[in-house]
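All chains are identified by letter, namely A, B, C and D, in their written order; residue positions are counted from 1 within each chain.
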Amino acid sequence: MKTDKLKEECAVFGLSLTTDEAAGITYNGLLSLQHRGQEGAGIAVSNSRSIICRKDAGLVNEVFGEGGLINLPKGQTAVGHTRYSTTGNSSKENVGPFVTEYLTGRIATAHNGNITNSKQLRDELKEHGIHFNATSDSEVVSSLIAYHITMEKSSIQGVIKASNLLRGAFSLVIATSKNKLIAVRDPNGFRPLCIGKSAIGYAISSESCALDTCGFEFVRDILPGEIVVIRNGEIILEGVKLEKKEENKGLCIFEYVYFARPDSVIDGLSVYNARFNMGVELAKEHPVKADVVCGVLDSGLEAAFGYSAQSGIPLVQGFVKNRYIGRSFIYPTQTQRDSAVLLKLNPLAASIKGKRIVLVDDSIVRGTTSEKIVRSLKNAGAKEVHMMISSPPFRFTCHYGTDIDCEENLIANRMSHDEICRKIGADSLGYISLDGLKTACSECALPFCTTCFTGYDKECHYGQ
Amino acid sequence: MKTDKLKEECAVFGLSLTTDEAAGITYNGLLSLQHRGQEGAGIAVSNSRSIICRKDAGLVNEVFGEGGLINLPKGQTAVGHTRYSTTGNSSKENVGPFVTEYLTGRIATAHNGNITNSKQLRDELKEHGIHFNATSDSEVVSSLIAYHITMEKSSIQGVIKASNLLRGAFSLVIATSKNKLIAVRDPNGFRPLCIGKSAIGYAISSESCALDTCGFEFVRDILPGEIVVIRNGEIILEGVKLEKKEENKGLCIFEYVYFARPDSVIDGLSVYNARFNMGVELAKEHPVKADVVCGVLDSGLEAAFGYSAQSGIPLVQGFVKNRYIGRSFIYPTQTQRDSAVLLKLNPLAASIKGKRIVLVDDSIVRGTTSEKIVRSLKNAGAKEVHMMISSPPFRFTCHYGTDIDCEENLIANRMSHDEICRKIGADSLGYISLDGLKTACSECALPFCTTCFTGYDKECHYGQ
Amino acid sequence: MKTDKLKEECAVFGLSLTTDEAAGITYNGLLSLQHRGQEGAGIAVSNSRSIICRKDAGLVNEVFGEGGLINLPKGQTAVGHTRYSTTGNSSKENVGPFVTEYLTGRIATAHNGNITNSKQLRDELKEHGIHFNATSDSEVVSSLIAYHITMEKSSIQGVIKASNLLRGAFSLVIATSKNKLIAVRDPNGFRPLCIGKSAIGYAISSESCALDTCGFEFVRDILPGEIVVIRNGEIILEGVKLEKKEENKGLCIFEYVYFARPDSVIDGLSVYNARFNMGVELAKEHPVKADVVCGVLDSGLEAAFGYSAQSGIPLVQGFVKNRYIGRSFIYPTQTQRDSAVLLKLNPLAASIKGKRIVLVDDSIVRGTTSEKIVRSLKNAGAKEVHMMISSPPFRFTCHYGTDIDCEENLIANRMSHDEICRKIGADSLGYISLDGLKTACSECALPFCTTCFTGYDKECHYGQ
Amino acid sequence: MKTDKLKEECAVFGLSLTTDEAAGITYNGLLSLQHRGQEGAGIAVSNSRSIICRKDAGLVNEVFGEGGLINLPKGQTAVGHTRYSTTGNSSKENVGPFVTEYLTGRIATAHNGNITNSKQLRDELKEHGIHFNATSDSEVVSSLIAYHITMEKSSIQGVIKASNLLRGAFSLVIATSKNKLIAVRDPNGFRPLCIGKSAIGYAISSESCALDTCGFEFVRDILPGEIVVIRNGEIILEGVKLEKKEENKGLCIFEYVYFARPDSVIDGLSVYNARFNMGVELAKEHPVKADVVCGVLDSGLEAAFGYSAQSGIPLVQGFVKNRYIGRSFIYPTQTQRDSAVLLKLNPLAASIKGKRIVLVDDSIVRGTTSEKIVRSLKNAGAKEVHMMISSPPFRFTCHYGTDIDCEENLIANRMSHDEICRKIGADSLGYISLDGLKTACSECALPFCTTCFTGYDKECHYGQ
């Protein structure tokens, strides 16, 4: 079911340790990356001879919990995956990691991103007689790697050869049955990937927050196009780069706007600081006379801090979020249109009654949720609601892994600025400018992909 | 398993409507009261001839979800219950509501509180040949009421007679098979209870937040010792008071400190405002030189706003809370003592590194969690951590429904102020004074029970 | 859903041991009594101070399995119950045993049978202010006993007093928190109940088969109207009889025809022998020219042995039963009307093709199943099918615990003998005569209740 | 956990219909083949464009039940699989059917048997860069077929090419995304496979019993080495034979002794008749003076009929089988060694007490179960027990799919005839001779594989 929110595709996590508790720590790592994918989870453990994988649909703790880990072996090397969306026929089949046995061993591959030439690669592999069991990009990636490892007679060379054939977004973590842990980030660096270190070895993670929570110290981001190989807790190769970069893109700027956890640091920029800065820029670009600033929980909170700091308008807690709702069924009452929104996010009348409010959120997709939230504030006594959005109008679908609505449903494609403002019932509406957003993120070491705001250049459509 | 947190016992919710969707709206109501009890949930629906009840161990959505409601009939009158702790042998048996069939009908009783003379009442009932199936106070309450309804030949008189025999804390919501909804609050008013109204009838709720989210407008609090009777969506009796009040107590002040949701208004005082004021008082009583203020999520957040406002020290987001952890199993790593705390609450280095921090929390029970949180801030780069607690030292167990640790485990009973400060690793420690706390809550219409801070007078021990 | 089969209500089992493994052995006992009730199961264990009970809807192994027993304490005294039908609103609530706490202790009561004056007893108890939580007879029985134990100040005297007030069918096993195990059988002896002994104590069971499988030697049947009390593995009272017997009935003859397991011995007569004899009588009353005899699995098998032995017509295996079907969903194909029957019971063409068959079954209720079975034999090549039924035509509903269809649906009430024969497609149809059935069961020590064949005398309707 | 019974590996079932209800009827077919594999089940449906597969560990009704079928599409072509044992690391991964996507389509392959050269084939495929996800033979089979379909550019030619490379036992049913249903039986015909027809199309089944229960008329057995192709409910190819047959084997004779359901007809011989004849031969080879004959339920029943018919000793029902035990946990009592056996199979004292018994069973593996059964008969009063076994001594493990114990555990390898007789406590012991067994099965159209009795010729070890 399409909701009124953007979805990220996946998170990846990998460990190469000198001890044998890779499975359990990978489980903890995935718990901290659960925000990047709630529909499936898997862990594969290499115990130096073979690779055992367990994966299923569901949240990380539903798939593994205490009992689930029992079925995983002790081992020094592991990769984990959480998956959001269900491309393909069967969600279960497309959850990673994918384990592939080739001539001289096995690999387990976890993939975050979207391959734009996967159909072509799939067909080329099929012409060699290679077959597929599932329908996801990730299976193509793992097959391609296994194929080239067999051909190159070297796992590292095979990964390099295969990665050079991939187009689009990919952050990969691969465990081999020979205890190698291989990390690859595509030449654009669309999706984040970083390295952490502790006394017992190295971790690779989509976001640095999982390094913190698992006791690893952040070492550095993996560079766009870089391959890093770790074995038995030691880095044995780094700095090797993939050959080419056809797309002229960069890090997906929505990682800062919405996807990543605020306690992560990505490519040199704290996500928290980036969002705070977006609030600062918003306040500069869209100053309003108001009594209080509040953020839509949880995604608008950090930008609200920034707006408040820049504008001097005090920050208040505007809502109480029900911590227990999650994916609960909500009974649809006949007497109240907005029960689902209120059950999740109830306005805090004590702090907003009679007030002119600056309400900060990260984005507007279809506009239906924004409309309900503004109405709930007004019903609770807000005098004015000025909606501030920490991203530019969202108008284009994404080829690189963000699962958004079809373009016709995007409100920014169907309505003018003023129409949107009226539709959501706000007294004014301000989007951050693309320049403002880039300024907020200027400490990032990479250029950005901002295709969802600006549209595609012709040359990047080759793979679809 | 004892955790390092206080537990509330229960929430109650009831509806008397002119339409027949009482079950579904009660379900939504319980979702909004889930914070008061996560171990069991039940709903009983009266369809004017009989009462059907479904209840089980688990969260509200686990017990009912979409499928579970199917088993409940259409009906205008319903009561619901969420339960926290598992006094008695079997958690399932002690989940409410309790349905009791007596001579001329059936009642379903939902109870929040703790009866101090339940053993005596239980024995007196047994002498009449009455027997019991479960071990909870709530079964005694429902039996006592059923017995006196039979004797008095009137459901209202029976409830009054029975309620006058009860000692301790009780907020009751009772549905009868004759479509009456009866609400009773004990003469001290230990636990909150309020009335809401909408176009389709009346709701009774432990907290006003559930009125908001279910589309009912707050009407008023039920007064201490008051009985209110509603039938077919109309109030048919109110203002009747129970006879006596042996304890000289009042509303449990911990409702403001910790139990209630900040968007509830209890006895005239917004919980949000109460907590904000506690922060203000803390800043007055314990001013410190610091760079930032932050609250422990979620319970210290509102007081942190107050501390910041009073002190002028800017508020920052000091932690990121993992929204998915809940009751998940966390793998115990050998290499890091604090993984469970970090997985739940990761310090946000970007906002606290190198800073002198005022850290605001609601209470310290055993001290183990506070110690881990302070350490995690220091590890993340905090220069100083000044711990501010928005309640006085917690030293006495409670007879009225708060499930706290035995007194020997309460750190405030075992250590001096300075010892606690050193134990938790803080640079300074400030508890709000009892006077400060009362000042913060001075707009409440009732006196307070503060026994957990001050200890028991002799006269209130009669029932135990 | 009504099926085309009779249903029994319950089985009871109890233990008084000198060791503390009563729970586990009661579980095994219930496994052997599962044929008497598949909708719910429960076990209550007395550990000399209290009684702990676990029960739920489902098969015995679904409710307890390996994990379920963990929640039951060690104890010397236990009672167990399996339940078939779901009278009352909620199947879960009406599963036994019922645990009741009265003035000086607790009892757990397991009940097999049907109380004909339960409404009257329920109302009388309610007039004393006693209330009820569930809707089953069994709760009335346990309440009545608890009430009279309180009044009599003696568990044994209370049980006698209460049992003397009960009318209808009841085989009771009661555990007290003082480690007494009390067995009661109604004065008519409608339902079986027997005692077994081993080195570690005594067992009470609905059927002797559970004594065999649990390692207890059969001692004797409990006599109609008798009360037996066992404590700590020793009989402390036996031979005490209830006062009166208003109904002039006896053992339900359907225990021999269908309900009991063939390896049980009830009131002096082996169920296997009784059924074998029924086949012998059928052969005498309805001799036919045929090539083979076969029984409908499993309920007609023993009578088929008897028919074959008497007639000299060889017995063959006429069907193969699918051991895995149980309560499985069967896909309803459009192309074949009888798929469900064939999936459960496939004719064995090798043994019946071209043969004139005597087909023996225990009873015909609606006739729909018989029709399908006869048709499946004919489709598989049977030349003639002569249907022999080891009970007289079934025409009256039962007040004593057999859950049969309403009388209008009983085929023997709607059609003549010849019409039934044509309807089910048989070449001839023979029912055993009531005299023949009694002859087959003549070794039974008790008179019989044959009301379902002969109808009710006026005097026995008093309780309904 | 190793039990004291032989295990079969799998069953296969396939449909090619002119209607679209292939999924539901395949489900019914698998229910009737459940005896050939209880550890996993799967169904794949081709809807002429794609193939959708659902499979999981568990019984057929656990995997699919009513809800599970909802996830399968309508379609005319389907294949199903039940699996017994768990070779490989993960039972789930190795359940069939296997779906494989190749250059121009998809196939779903269900496999019954054991490939003796699978490691070699696997390695050859890997050298082409082909990789594997699971560890079972069945994945190798499906990969090999997909590879050769790609190479041959024809699904039929590809299946033939691939099948000619396979060694060992294989009965295959393959669905293609072009609506072809292809059946292959290995040149030895180790495992059965037959064709049925109805008004709506054709079915392929491991055993004919599933044809009966699904409403298909038996047409014929698929010949050893034959390939049959059906499309849209019409046979489009039959009689094509695989090239070679290196092993000089035939149908596994244990299909008649134990594996198949007695209502199946395999290669011209009714399984019921085969077993009956085994009993006849046993009575000829091992006449004893006895009062009654009884079979061990269920596997010795048919041979007991034959022994009784030949010897004139009357057949009795010697045991009552608990229909509800299945895989239930049984509480291990300290006081009785044989509780598990008695709970499953209780001697029927009424028919065996004081009797000299001929007890017929299909085989003795470790001897532990036989010992318990003989003891239980003696404890129940049997005077003598003469054990008759309808297969020769079992002494060799099997390369073709029968999952038996290691040879050291086979009692026939460790003890002499007399020692076995003493060990199991029988008064005499008779095994059928291999010639007797072959005589009993002489109507079978195929030669037999009797390797488990006679051992391996050297030449058949090439593949291991």
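What we mean here is this: a contact is a pair of C-beta atoms (placed from the backbone, for glycine too) under 8 Å apart; a residue touches a chain by one contact, two chains touch by 3 or more.
This structure is a prediction, so every number in the text was calculated from the model and none was measured.
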Task = Enumerate, in label order, the chains that touch subunit A and subunit B alike.
result = none
Note = Chain centres from averaged Cα atoms put subunit B and subunit C apart, in whole Å, by 49
Task = Go ahead and note the Å separation of the Cα centroids belonging to subunit A and subunit C.
result = 61
Task = Round to the nearest whole Å and give the separation of the Cα centres of subunit C and subunit D.
result = 37
Message = Multi-chain contacts only, two chains or more: what residues does subunit A have there?
response = none
Request  = Take each protein chain as a node, join two nodes whenever their chains touch, and name the resulting shape: line, ring, star, complete or other.
outcome  = ring
Key: Pairwise chain contacts under the document criterion   = A-B, A-D, B-C, C-D
Subunit D-touching residues of subunit A, taken from the complex the two chains share = 50, 52-54, 89-90, 98-103, 123, 126-133, 142-143, 146-147, 150-151
Ask   = What does subunit D use to touch subunit C in their complex?
value = 19, 21, 24-25, 27-28, 31-32, 34-35, 38, 59-61, 64-66, 69, 198-200, 209, 212-215, 261-263, 265, 270-273, 298, 301-302, 305, 309, 314-317, 319-320, 322-326, 328-336, 339, 342-343, 346-351, 380
